[in-house]
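What follows is a single structure, and I will ask about it in a moment.
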Amino acid sequence: MSITRGFTSHPAGSVLVEFGQTRVMCTASVEQGVPRWRKGSGLGWLTAEYAMLPAATHDRSRRESVKGKVSGRTQEISRLVGRSLRAAIDLSALGENTIALDCDVLQADGGTRTAAITGAYVALADAVTWLQSAGSVSGNPLTGHVAAISVGVIDGEVRLDLPYEEDSRAEVDLNIVGFDGGKLVEVQGTAEGEPFDRDAMSAMLDLGQKGIEELIAEQKRALDAPYPGELPSPVQR
Amino acid sequence: MSITRGFTSHPAGSVLVEFGQTRVMCTASVEQGVPRWRKGSGLGWLTAEYAMLPAATHDRSRRESVKGKVSGRTQEISRLVGRSLRAAIDLSALGENTIALDCDVLQADGGTRTAAITGAYVALADAVTWLQSAGSVSGNPLTGHVAAISVGVIDGEVRLDLPYEEDSRAEVDLNIVGFDGGKLVEVQGTAEGEPFDRDAMSAMLDLGQKGIEELIAEQKRALDAPYPGELPSPVQR
Amino acid sequence: MSITRGFTSHPAGSVLVEFGQTRVMCTASVEQGVPRWRKGSGLGWLTAEYAMLPAATHDRSRRESVKGKVSGRTQEISRLVGRSLRAAIDLSALGENTIALDCDVLQADGGTRTAAITGAYVALADAVTWLQSAGSVSGNPLTGHVAAISVGVIDGEVRLDLPYEEDSRAEVDLNIVGFDGGKLVEVQGTAEGEPFDRDAMSAMLDLGQKGIEELIAEQKRALDAPYPGELPSPVQR
Amino acid sequence: MSITRGFTSHPAGSVLVEFGQTRVMCTASVEQGVPRWRKGSGLGWLTAEYAMLPAATHDRSRRESVKGKVSGRTQEISRLVGRSLRAAIDLSALGENTIALDCDVLQADGGTRTAAITGAYVALADAVTWLQSAGSVSGNPLTGHVAAISVGVIDGEVRLDLPYEEDSRAEVDLNIVGFDGGKLVEVQGTAEGEPFDRDAMSAMLDLGQKGIEELIAEQKRALDAPYPGELPSPVQR
Amino acid sequence: MSITRGFTSHPAGSVLVEFGQTRVMCTASVEQGVPRWRKGSGLGWLTAEYAMLPAATHDRSRRESVKGKVSGRTQEISRLVGRSLRAAIDLSALGENTIALDCDVLQADGGTRTAAITGAYVALADAVTWLQSAGSVSGNPLTGHVAAISVGVIDGEVRLDLPYEEDSRAEVDLNIVGFDGGKLVEVQGTAEGEPFDRDAMSAMLDLGQKGIEELIAEQKRALDAPYPGELPSPVQR
Amino acid sequence: MSITRGFTSHPAGSVLVEFGQTRVMCTASVEQGVPRWRKGSGLGWLTAEYAMLPAATHDRSRRESVKGKVSGRTQEISRLVGRSLRAAIDLSALGENTIALDCDVLQADGGTRTAAITGAYVALADAVTWLQSAGSVSGNPLTGHVAAISVGVIDGEVRLDLPYEEDSRAEVDLNIVGFDGGKLVEVQGTAEGEPFDRDAMSAMLDLGQKGIEELIAEQKRALDAPYPGELPSPVQR
């Protein structure tokens, strides 16, 4: 697992996150102001969009912009990323600024949604630093580190972050989003074939929460390192 | 909570399910054959669509057909209903038949997605009976009873199936889909404000699974009663 | 034929209308204010949308929200319902309020558009009462009772409101919308196979107008009864 | 009123019809074969589409292709044109050929839908001749002449085919589609302000049917004249 | 080649341009004011849309409004027409007025985009005159005459404005948009089969520029003639 | 300028091309068979899609999949990339295989369309090698090297490949696509402010063609190097 900050230079935060063969580019773009329905509230806003490039998968998939509609899967993951990262930020401390997170999967090999959340947190943290250094935000709106991991049961065994080939034959698939310190933000478990019992659920949560601690340690290492190259100076609208 | 079978007479299964003020019409339409990509596989198919009538909520919401696109929320719930009910059916025992479940919310007051799943199971069971009596299915493709419930934490207290007003200020929202006997199909928990810990998670699962047992008892009572009126005789394409 | 008021409890008017096997849920939702282009005119606004649930017909039809577009038939009927009900209301006496009528067909067996108009009038009347009791409207904006009926010629004989099976082999199909007292709002006649002459037209209008008188008597009976249960208290935007 | 045949040279029938300031280009394109769902039936097919060029009206209207959807009005008129012209043709005598009618309004000044139907009949007749001379059709599939007219009541007086300015303040608007000899195909009457009674209805039908006779006489004159220029030789798919 | 001014009477400029069998109706509609994002800038705005009627080609093509999306080809040409005509007008001299150009191909036989540009210039010039006589524009915003021509290489020979049949087997296709006096606005050359060299490029530009001079002479002749009939008096929004 | 082959590992060709700050990921995905309308022709097919990631530009742009339609600019460039690369391949030598090129701009700073074409050629060449080693193609379908460059006039001076800031104030913008050896595939010149004369055109072509020679030298260097890592083994549908 690796996290590269400053992957591109226009957005306030830009991170390439790699989990095995999975590679996701996560950017955080900053815009002054908030959507019209939120004006004057003193609160900021955070949105997220997830998408997969057509050639990210083994078989090329059709481009959603060309099809003219976004699949249910894409929308579901975009909503999950947004909810997860909004849990990590105090929108009143953000003030009337908007942060748009974009998670684009360059290459997929299982676990793209959890990689997206984990990388997006780092891009978000860099965008917050950028807002602070621009004087747009004074306090620290971040409420903790957020990371995500997927856990699967395969051949009766609980395993972390399966690659695509194993993932597609997992019996249960559990995605966990959590803070450092063991608090949970989202838990989504799905029986792929057979239903599962409470013991399996517990074992998956145990292993997953351990994984989240490690990911957050990795996020901290990446964020403690000096910013690679010049800080971005995005043109704000 | 009440379940009315034979609510309308064209589809093979048609159920009105009421949870407090929430009312959902769940139908199961049967069609001979399967989509093209599945032909010759010997397997059946089951799809599900969830939608809300415009005036189902306190404030009228815009009709999705007129907007020209289905919201992320609608798609997410449709996918959840489909996955949950596919867990309750053995598609090879169904043979090359397609069952389309439609869950239309006539009135919403919290817990619409779990009401939809619970009612859809009964419509599905009636559709299976219909297929059996039509000679299209010989064995029993149903693998168990499936019901769903939502659990919330409100003012620190774990509660079942909150009405809308309480639901909208719940701290955690957990939707559980399960079989009779305690096996789980889906678990989806979301922190609405503060993140939650493993103890809260356990307490919610405990209460939720008890609720599911009661719902399944109710499904059984409804299905054991004689079919109200004539059995439907849908025209098949 | 039966009319059930207060069918659901959120909208200001909510009616279930049944014509034989045809069942339509008609709601009237009230919103303060009018669309932007109408602001400051002192005039109210009334819109209408008609739709069919997927399993309302013998064969399930595809959901229009999922197809991403509304069929010509649906739009045509929505426009007809809107024109017909706007004829029954004085928009200047309504003041700058908007009433949205939704007619959703739960079960279809011929004559859905005329059932929708007839039921929508009752929902509209209840919404007007609601507006009056809320103090938003002072006078009576209703200009008369409006109902609709379909007349067909089948095997050379003029008949009222054919069920689907007969409707689909009718030679002429005439939809009439009218006021009490014999005035007409809309007349739409279509030769399905052979063209028709003026005599047939007259015979159909005679029979249809008699039918409209009966429907309006039924509307009056329903509206004269006390409101079933509590009056709705919709949250207004 | 004037009818120009052979207005463009690619389609099998191409007519410019002018009613006062209203000008509609009506084409009939011929294609061998029928849509898939109709193959092997021995029956032909006829479709129709009506549209208005953006600058046809006094105020430019937005182009429907750019908006990405067809308005309810456009769809309604397209359906009316299709039904009306299908009444004039015996689809079994047409054989498995498809005729696509396109009615594009170059300039609008009231009565565009009735002008479209009247002109489309002439284009259809030329397309039938073309099919006969190509040997694709042997008998005569035309079942009679079809024309359409609009009648209005303005200041209490019944009048034929009002120009836009008068049309927009008409009290009643009645569109009639009929055959030569007095048979009716479609009757669509709408009260614009006040409802109307049976006497007004009769007076409008009387005047309208007289008008249709004159239009059909004009169609016959146009069709009896020799074809202007070379007969079209469309490339068939 | 022929240019007919005043082809329809509602828009401020309305031109029918004919190049061989190709016929395009070009209108220029005037509206007071500019889009919101441009308000207060003192600058005018000019937009253009190109489209083909379904029966304009040998084989009928599907209507883009019905398909619900505009093809890449249509958009590309609309953008080209817009850029080309904006080169001919000083938007600050136009003041806060909007001109919408519509180029609708009634019949296509090659060279429709260049015919559209050449005709649109004349419609634009008439719209400018209209604005001047209405007192909305004081100076002369036109910066010169703009026309367009297509040049092809066929069987190794450079030729002007090929009809469709030859165009479709041309080896190179070059569209040139230019001013009087030899200045160029757009040059778009495409190798259809074999790539081309600089000599071919020069020969095509030489011939094309000669053609543009002739077209501009024709535009001037048309514009010097008195306006046919009454000047249009469009209703402005 | 740099070219990285094997940038991702699923598609048959995957290239990251960098021109200054502009970075485009170009992939070539291979699929056995051709679209239905082409079956049995013995000819292959090549398609191309260009898109920009939302955060690729200084200001984040809205995601086209979420807007539900592809902009005219995106379609225009996709078509240009497709035409340009089809010029480089003999579709009969390719046999009934399809190659889908995807050019996704990760970061934009001017010249994205020309970078896309130049990089896509290298991805295409790798996909052809892959097809040859898989035994799906026997001969060499590539007909030469294709690259593209943009030339601008800024402050009266002709310059190659301007970065975004200069590009946006260029007076003329010319995109050239060409083969090695001086043959041209596409020439697209646009006057941004003032029109340009033939001398400027010649100077731009001279400089651009020199630039294309250098780009092709760079493509050859990249393709002559050994493939970085393992050859991709895409799963073919």
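Order of writing sets the chain letters: A, B, C, D, E and F. Residues in each chain are counted from 1.
Quick note on the criterion: a residue touches a chain if its C-beta (ideal position, glycine included) is under 8 Å from a C-beta of that chain, and two chains touch if they have at least 3 such contacts.
As the structure is a prediction and not an experimental result, all values here were calculated from the model.
The chains that touch both chain B and chain F are A.
In terms of the stated touch criterion, chain C and chain D have no partners in common.
Interface chain E/chain F: over half of the residue numbers present appear on both copies, so the contact uses mostly the same residues.
Contact count check for A-B and B-C (C-beta pairs in contact): higher for B-C. Mean C-alpha position of chain D lies 49 Å from that of chain F.
Multi-chain contact residues of chain E (touching two or more other chains) are listed as 68-69. Taken as a graph of touching chains, this assembly forms a single closed ring in which every chain touches exactly two others. Within the complex, the chain C residues that touch chain B are 8-11, 14, 21, 23, 25, 27, 29, 31, 49, 51, 53-60, 63-70, 74, 100, 102, 104, 106-108, 234-237. The touching residues of chain F, counted against chain E in their complex, run 69, 72-73, 75-76, 78-79, 83, 87, 174, 178-179, 182-191, 194-198, 201, 205, 209.
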